[in-house]
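Two complexes are shown next, each including subunit A; its partner changes from subunit B in the first to subunit C in the second.
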Partner chain A sequence: MNILAVLKMVPDVVEELEVGDDGKSLDLDFLRLIVNERDEHALEQALLLKDKHGGSVTAVAIDAPEIDDVLFTALAKGADRAVKITDVEEGLSTRAAASLLAQVLPKVPNLLPADLVLAGCQATDDLDGQTAAVLAHGLELPYLGIVSQVDADGSTACVLSEFPGGVRGEFEVDMPAVLGIQASEKPPRYVPVAKVRAAMKSQTIEEVSAGTEPEASLAAVTGMTKPEAGGKAEMLDGSPEELAAKVGEILSERGLL
Partner chain B sequence: MAETTAAPDPVACEITLDNLLEFPEGREILTCIQCGMCAGTCPYGDVMDYPPRRIIKMLQAGLLEEVFTSDSLLNCIACYACMAKCPRGIRLTELLLPLVKEQVFVQLPEVPAELQKALENTLRYGNPMGESPRKRAQWVTTTDVPIRDLSKKPERVDVLWIPECYMSYHPRGQEAARATARVFHALEVDFGILGAREKCAGECARLVGEAGLFDKLMDDNIKQFDKYDFNRIVTSGAHAYDAFKYLYPRFGFDQIVEHTTPFVARRIEQLKPLLTKKLDYTVTYHDSCCLGRHNGFYEEPRTLLQAIPGVKLVEMAHNRVNSICCGGGGGGMWLDTFYAAKGYDRLSDRRVKEAIASGAEVLAVSCPYEVSRFEDSIKVLGYDDKMVVRDVVELLAEAMEP
Partner chain C sequence: MPGNVWVMAEQWRGELSEITYELLALGRELADGLGVQLEAVLLGHDARGLAATLGAADGILYADDPAFTEPTAAARSQTLASLAEERRPHCLLLGLTNLTADLAGILPAQLGAPFVNYCRDVRVADGKLEARCILYGGKMDAAVEAAAEPVLLGVLPGVRPADQGLKSGAPQVEDVTASVPDAPRVRFTKYLEPEAGDVDITQQEVLVAVGRGIANEDNVELAEEIATALGGAVCGSRPVIDQGWLPLSRQVGKSGATVKPKFYLAAGISGAPEHTEGMKGSDVIIAINTDPDAPIFGVAHYGMVADCLEILPALVETVAAKKG
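Up next, the complex of A and B:
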């Protein structure tokens, strides 16, 4: 079984985010990017399926700062190939990036058709979870999102998808398909630093020029601001006992107890 | 034991398990008489599939591969107890165990989650907590003495002070950092810090078996040190001290390195007139593994404590070379959940019970890991109103207050 894991970089919120001088984008001076956590789960799920059924895993990403480290880490974890899409303008919207991938991936030698394309179902800069869905649309493949379990056998995949209210659905989907991964069945594995360094020496990242313009965005960011403090919070003072009594009072006053 | 120069370690960095017996330090292992002192003194010896004695026997029998596939060595908290007690002087904690643990780590089917997070954080952010590297020196803004950040003002200093991760980020560690700054200031030490450029020294990564991470941290740190002009490094991290003194020199690093506690103890005569406030505390001192057993700094912290007016020093049943590890070394800092899942005793609990039995109300320490570990245990064991944990330097700063 051949699986594609799509990785993308998002702002690392360990540092406080600041709005840039243009008032509509993040200040990149101190910003560091980190691989989207759910994409790491997508890669892990791909590796788990490979461990179980054999085949190959290819990690794919659009060029970004530190992306080489991410791709070499994927290789060290057990991915067979790493592909970096280059010559892409910075700061693409989620939708534009996903449809660009849909245009470029079919042109990468020996990549498609893959049995499964796995990507994170969400990212901190894509809470709507558009990436995997738009990619599926562009590749004209079926899509299932919020996936927390996958097994595949022959030509179909059995997928567990989560819904609000604790409802879970089991689906059978014809492969090839695109899945938006919420969580892999096991936490993403650790890879010793020495293995990543060895991968950097012995393996290569294939660079593929996008060679196409991203589609014009339908929406544009007109402004970005930090949330304003509402000032509606009521701060309580007192000893732990007094505080507990006050909290109890407020809760019962508002019918929450 | 005053000032120590980091002399290149005779154990060259190229020693591996495969060529171990080509070196005198390696052949020494073959002199093991299987007395079992190591297993008997190991605080986790009773729950280990492969205590040091057995590892040596497996090595001699060519069966070491079996040891690699057991997670038993995750219980080794690198406390130097086995090495200190070995009648043959075999360098277990310094040489054999790290080499074996490296193989165990690489072959672990799953790295325990808490440890994995700490290692990933250390690689990415330079500290195991996953805090912002830019905020590493933020605590400096909360202190009342001037502290020079060399990354902003790089002029020559006598002492490059490395507070290390727990003093930089942990709220209780920051209190000890402020106390240290006050003591340095009072002793007129000419010191500076690396600010946001400081990074984890990597000793725990090395001793849990993540050698590649250690190598990377060491490379980054040596590059930083090379940028500045100073006479000596003084670090508050007991593990960082070991890293700079024993591990970095194998790769050519040759700076003078001291730990804060013995560094201050050498200035005891200058310090004494400053300790004016009477502290009516009964204090017991916990010998950290790195400073105590590994480096023999048994008397320095005690001398400092006894110089404080009013302090009554009492000893725990296990002290000096027999001290019981707090459980935080060799990666143990991030394996509490792993040990709990296996049903093992928490060593910090064991130690706090001893401290309580000594009749002390203050548990004094010199290693920043111990504050959080012992405070946790004190809370868990319900001794909140009986005992507090204080870094020796915190007590000194308190005694200097008007």
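Up next, the complex of A and C:
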């Protein structure tokens, strides 16, 4: 089975984020990019399927700062190929990036059709679309998202997708298909830095020029602000003991302790 | 003259879901602000009766097809796309739930229409829609305008109180055509009910919730100790469940449970909208987070910028001392 895992970089939201001078985008000086967490799960799910059924995994990404490290890490984890789409303007919206991928991927030698294309079902910067769904539309493939389990054999995949309240739905999906991964069946594997370094020495990232203009985004941010921190909360301070005592008081006031 | 405001009437296992009414409340404001009609789009099979509580709308567009009994997006997307092409609504409100997520992903691409995701509010200003969106897991607030119509708006749960949009008095129901794929490539087979956990977190008065900030499985025990002493239970955010530190039955949020305890302690949880929609109705919320900008402080009643690995052990002591 041949599987594509699509990876994209997003701002690390555990870091401090600031609004840039234009008042409508993030200040790049403050930005630390990480792989979208759901995409890491997509890659893991691809690798788990390969471990089980054989075949190949190709990690695909649009060029971005730190992307080489991410792609070498994917190779070190067990991906067979890494493809980087270059000559793309920075800061594309989710929708523009996904439709660009849908145009470019079919032109990459020996890549498509793959049996499955896996990508995260969501990212925190998805203002104007969802990568996996837009990609599915562009590639004219079926789509199912919020996926937390995949097995495949022959021409159909058996996929579990999450509904509210812990209910899951089981689906049969004709392959090739695009799946939006919510969580892989096991937590993403860890790979030691030494193995990533080894991958950097022994393997290569295939670079493919996009050769096409991205479409304009139909949704424009006109202003961005930081929500007032603790907009509502009464902030408590003190030593850990003092803070714990305050929590104890709040519990006592309510008859819970 | 702009087109009408449409609301997708979402259903879950044969009943309208709460977000439908929240969207109707919002849609009513938008339609009045634009001076157009509010229409609910109801897609179902033998489901005309559901129109009875959609009285907040001026009219209902009802399409009937057995395909709509399956929780899949393709038939809904195709039907909505052809309806929207024919009738040109000004906007369509879609709930950002696990039921509508796939539709919200596919339909904008299929229609070639703008999509505005993560809307926490939408207003009419100078005859135009302005959306307020939550980006970066709640760390930024963006004002967003769309460049074309119809605009598809992905609206977060809780945008308006559901009871504001819940009105009986069935408006006029217009039958419209369903257009569904002949051979669907995604086929629903069955629902898998959640395994009953050892405790039902929706029934607890006290919940101690842990997030990724708890760092490892061993530390979850600190929370367990406090919860047990208080006669409550431990629950968690998604990453804690994904790591296998707590079972799925303890997950709070969009894909997990919605809880409303008397006391909710959030330790090392950032406060992403997918988590907060499941707990923001709690009576008292206390958040512990090392990041002063963590969005959880926007829903908590009390907050502390502190290391939960220091606070929780201290709290174990406090609770033990108070119980004497």
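Just so it is clear, the second predicted complex is superposed on the first by the 225 of 257 C-alpha atoms of A that agree within 3 Å, B and C clash if a C-alpha of one lies under 4 Å from a C-alpha of the other, contacts with A are read in each partner's own complex, and residues count from 1 in each chain.
In this text, a residue touches a chain if its C-beta (ideal position, glycine included) is under 8 Å from a C-beta of that chain, and two chains touch if they have at least 3 such contacts.
Computed from a predicted structure; not experimentally measured.
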Which of subunit B and subunit C A:K195 touches, first, second, both or neither: first
Touched partner set for A:E140, first subunit B, second subunit C, both or neither: neither
Partner chain in contact with A:V167 - subunit B first, subunit C second, else both or neither: second
Which superposed partner A:C121 touches (first subunit B, second subunit C, both, neither): second
Residues of subunit A touched, compared between subunit B and subunit C (which is higher): C
First, second, both or neither for A:V14, with subunit B first and subunit C second: both
Partner chain in contact with A:D29 - subunit B first, subunit C second, else both or neither: neither
First (subunit B), second (subunit C), both or neither touched by A:T222: second
Common interface residues of subunit A - those touching subunit B in one complex and subunit C in the other: 14, 16, 187
Interface residues, subunit C side, partner subunit A - complex: 12, 71-74, 97-99, 101-102, 104-106, 108-110, 113-118, 130, 133, 135-148, 185-194, 205-206, 230, 238, 242-244, 248-249, 251, 254-258, 262-263, 265, 270, 272, 283-284, 286-287, 291-295, 297-307, 310-311, 313-315, 317-319, 322-323
Of subunit A, residues touching subunit B in the complex: 14-16, 30, 34, 186-187, 189-190, 192-197
Interface residues, subunit A side, partner subunit C - complex: 11, 13-14, 16-17, 19, 24, 26, 41, 95, 99, 121-122, 124-130, 132-134, 136-138, 142-146, 160-174, 177, 180, 182-183, 187, 216-237, 240-241, 243-248, 250-252, 254, 256-257
Contacting residues of subunit B [partner subunit A, same complex]: 105-106, 110-111, 113, 116, 119-120, 123-125, 130-132, 134, 210-213, 215-216
